[in-house]
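Chain nomenclature is as follows: A, B, C and D, assigned in order of appearance, with residue numbering initiated at 1 for each chain independently.
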Amino acid sequence: MTVKLALIGAGRIANIHADAITSRRDAELVAVTDAMPKAAQALADRTGALFKSADDIAADASIDGVLVCTPTDTHADLIEKFARAGKHVFCEKPVDLDLARAQEVVDIARDAAVKLMLGFNRRFDPSFAAARHAIDEGKIGTVEMVTITSRDPGVPDMGYASRSGGIFRDMTIHDLDMARFMLGEEPVTLSAHAAVLIQPEFRRIGDYDSATVILETASGRQAVITNSRRATYGYDQRVEIHGSLGVASVGNHRENQLSIGLADGYQIAPLMNFFMTRYTASYAAEIAEFIACIAKDRPPSATGEDGVIALMLANACLESVEKKTRVAL
Amino acid sequence: MTVKLALIGAGRIANIHADAITSRRDAELVAVTDAMPKAAQALADRTGALFKSADDIAADASIDGVLVCTPTDTHADLIEKFARAGKHVFCEKPVDLDLARAQEVVDIARDAAVKLMLGFNRRFDPSFAAARHAIDEGKIGTVEMVTITSRDPGVPDMGYASRSGGIFRDMTIHDLDMARFMLGEEPVTLSAHAAVLIQPEFRRIGDYDSATVILETASGRQAVITNSRRATYGYDQRVEIHGSLGVASVGNHRENQLSIGLADGYQIAPLMNFFMTRYTASYAAEIAEFIACIAKDRPPSATGEDGVIALMLANACLESVEKKTRVAL
Amino acid sequence: MTVKLALIGAGRIANIHADAITSRRDAELVAVTDAMPKAAQALADRTGALFKSADDIAADASIDGVLVCTPTDTHADLIEKFARAGKHVFCEKPVDLDLARAQEVVDIARDAAVKLMLGFNRRFDPSFAAARHAIDEGKIGTVEMVTITSRDPGVPDMGYASRSGGIFRDMTIHDLDMARFMLGEEPVTLSAHAAVLIQPEFRRIGDYDSATVILETASGRQAVITNSRRATYGYDQRVEIHGSLGVASVGNHRENQLSIGLADGYQIAPLMNFFMTRYTASYAAEIAEFIACIAKDRPPSATGEDGVIALMLANACLESVEKKTRVAL
Amino acid sequence: MTVKLALIGAGRIANIHADAITSRRDAELVAVTDAMPKAAQALADRTGALFKSADDIAADASIDGVLVCTPTDTHADLIEKFARAGKHVFCEKPVDLDLARAQEVVDIARDAAVKLMLGFNRRFDPSFAAARHAIDEGKIGTVEMVTITSRDPGVPDMGYASRSGGIFRDMTIHDLDMARFMLGEEPVTLSAHAAVLIQPEFRRIGDYDSATVILETASGRQAVITNSRRATYGYDQRVEIHGSLGVASVGNHRENQLSIGLADGYQIAPLMNFFMTRYTASYAAEIAEFIACIAKDRPPSATGEDGVIALMLANACLESVEKKTRVAL
């Protein structure tokens, strides 16, 4: 079966997903829509898809699924619209910044019997997936502790930041999902600390730029997340999982493999500093997974429910910081 | 200007180059030909190009250049044909296994005032290019020694090997070009040693599977190449350039960034074991260079002449092994 | 000046310090005492020192300083005894498990105008010291976050563990001192989580084997400590300091520099798995520092006061775990 | 049994060996001699040994063995003297710069039934020894190629260089021994290239500062040695052994484990830049081996004969360079 897909949105990430689809033989990109017709038309031209309205896409019985790549505040409505139209939906995270609304559309998708996959792309990164696979194979024994380092290369613009839901719902949410992915047990309590250390403007919008979180599960497993909105040396994305038999560590990706050895030491390349470069392979793999879930009628490995739980954890982080206490989940 | 290109050949490497062209905005793939019409048609369909005959491509005044991706024994004739037709030519190495014929078509291309670029793709690898750039910037001072480790992941099939011209003309030739690229001076003498250590069949076809070469320039700079037709741990591609101020080293690419630490030590991923995966970026970069050379009318940085010299060095390696002596160039 | 020193205790760490002293030209080991005469005599014989009683050492006006290397519950009394006798004192951590008593003997030493140096040896490790030096030079800008990974190679025996004061006062205390050393600001609040994941016996003695701590300073700087009583892959001792300009990271020491590359990946050596091997250089350096402080009459860089603060932080960790809350300091 | 040893020479390396002996319980340093009485007396004082004449040491029946740590031109005579006196002899390489004289004293030692061990300390380095051990265990299969990188941190002074026998007999000789140690087969032919690239004074004394050598065994195994008298980034000492199943690689030792990540990349420490620091463990291990050979009456693993063969290979390198040809051995 060739899975027929439509792109809702024609921005940066939509273009990435478009390339992932056209490079595959088991899927076809048939339609694109966007609030900005020019962007939609350009993407359609580049890929051989057609520029259509969202309504036409929803009404087109030949389309199996859609990829929602629009601003966050439109996600929930679009999921609802296309789920009700019987389309499988891949949606960039988060489902919605409001937990109740997020849960609502997850329920709608479930009731409509369509697949709802969340864009937690890091689960599909070859290295993180290999770590998860090593755990599943028992290589490191029972998981005990997870350490997640996640530092963005540069501070986002304040316009984006102020609409993002804040560091916990915008950035940490990826790491909260990663913690769950690796822990293999749900957290039952958490402590979060956060501060503005980089850019005072974050204080003005009631946000933070630096945060650390401890999650603890019922059996005592612990996950630690450290976040910063700025890492001069590149996009720092590391995970360690410590188990009873050993440790699985995922290291960073560098811009190149050159080192220069001089009298005062060796100079090696900074880290890749753009999420699309660092996670190129994971974007392609998550789209392949969405296509496979439709073609083989199996549930996605990152679901709307995962999105709801991650959002709930992000909200708890904020509560922990604001109330200066540990939060039971 | 949009550079219009045609692919001569529709095999594995032609498909790679096709993707590199279609992903760019400064070039267009307009035609494909191949001795196997089915392969040519499939590639044409996939890319929106037209399947045409080689004669039609040569006669099409709108086509600026061609990429010759056919078997080695057709290279020289195709270069000649398209050069005479006024097309710029990108050709996979080698120009020809016969040195005189190779020089002849290089001369033809020069007389026809078309650009002839050789597919020494490694020069365009981001890490090797960064090393060359560091040398040019004076970071390691005057170059003194170059060390090239080049080990294929697995033995080629004997059918390919027997038509390949032998290890020196098929495999070492890339490293001989890399040595020249990094030395910054022409070699004037060389010593080569070779043996059959891996697969006895190489002996039957008069070839070797393991080789080491020292090149020396007039000022005494030395380059060492070690080659093996098999590396169980992946595709081993390293270069070190030692200079008066320090060393530039290019390391390998691993399959992933996962390490597993256990009681008996750490396990890390093997090297990428396929040349197309390892050199993905360099293939895209060499095509970008060919396009830029046409668009901006500048000479390519890996020329037909470079191909002739590399072949001459490969022949000298063979002579050194067979006569058990050092060879003056 | 040659600094004359006596060893109080003749066990494992005393022998290490004895070697550090005898290898130096600016110090002399003149006396040794121990509750076990045989051990004291053997160490005296090996080093050319004399076996004396603690009282004789205290009374010997030629002795400048003593190194207290006895069980924890004797530290405070011995510090008091030798401080009152006018000897400079180097003491293994902790000063005492009781905070009031620890503060008392620190005050006694101060009033006696003798130097009291605490054996926070990691501050003297060449790599950690180089990190601190890089911070002092401004290389990474203003410190923002510190991440400390500290995992023992193997679970201590339960007899030792039950007298140790628990994981926070025995093990984390080193990391709490390291956090202060690198943060450059005192923590004002902390959250700690702990569990028994490795060996159920820890539960029986009211202790934990796995812990994570977040420390926060008044300006919002954060330090994260992760601890485990067991790391199969060796003694895991890493520190990262993130600043406004970059990151300083101290990695682990391996048993050797051999890697074996095979078809299923590379195998590299486990970490050094014994604290005396990993920290050989830091033990020598802290003794050199103690000698220099006496010879040059300057204050030690790890004082009794540092010991008291670290103990206070360790107690707060325990309180945070037990009360399931964040603790203000 | 406690092995009683005497040091012939009291310079830098003699002091290193003295420490190795006194730290052990199975050996005792009983005497020291040196042409400079002051140096001998100082070393004797420091270690509790007696300053004696060489004749007295030779005549002392209680002494089991001697360590010859004097200038090269005295080695052969001292080996002869002490072998004839029935002492086991450890001697720094080379035995003698004259091949015939070297063979003569090796024969004398053999006829005197004393052990003659050569100071090829690198064989005892924990990492190189682990590589050899991995080969012996079959981990990398049949050895095919060996690559040795050996670059001194800094140019020796010309006085030393002019008495040293030249780069091949002074420096490469260690690598020639390492090649034999790892190849597991004797070389039968070699090609060497050398030049003066660093310091013109080497030309004046008829020596070279940069050299590359290929050794080939009867079955076609190849070893490559690259040598330089200067490496700004530290003492570069690496070995790779490629076999039918994989590769064993020994990497360098760095000054510390700190890395600093900044916007323009990561800075890591230079290599240890002093042979005594880099090879601390190997010096201790070779002395332990000499003591064990005497105590257990077993042959040393680096013999006088190994010294003769390495010298013969070094001479062949020189011949290859001077005659510009491959040399059959």
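Quick note on the criterion: a contact is a pair of C-beta atoms (placed from the backbone, for glycine too) under 8 Å apart; a residue touches a chain by one contact, two chains touch by 3 or more.
These numbers come from a predicted model, not from an experiment.
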A-D against A-C, pair bridged by the larger set of C-beta contacts: A-C
Greatest separation from subunit C - chain, by CA centre: B
Separation of mean Cα positions, subunit C and subunit A [Å, integer]: 41
Centre distance in Å when subunit A and subunit D are each reduced to the mean of their C-alpha atoms: 57
Per-residue overlap in subunit D, given as positions that touch at least 2 other chains: 231-233, 245-247, 261-263, 269
Subunit B partner contacts - residues on subunit D that touch it in the complex: 142, 144-145, 147, 149, 151, 189, 191, 193-198, 210-212, 214, 216, 219-222, 224, 226, 228, 231-233, 236, 242, 244-247, 324-326
Interfacial residue positions of subunit D with respect to subunit A in the complex: 231-234, 261-271
Complex contact set, residues of subunit A against subunit B: 19, 23, 48, 126-127, 130-131, 134, 139-140, 245-253, 255-263, 269
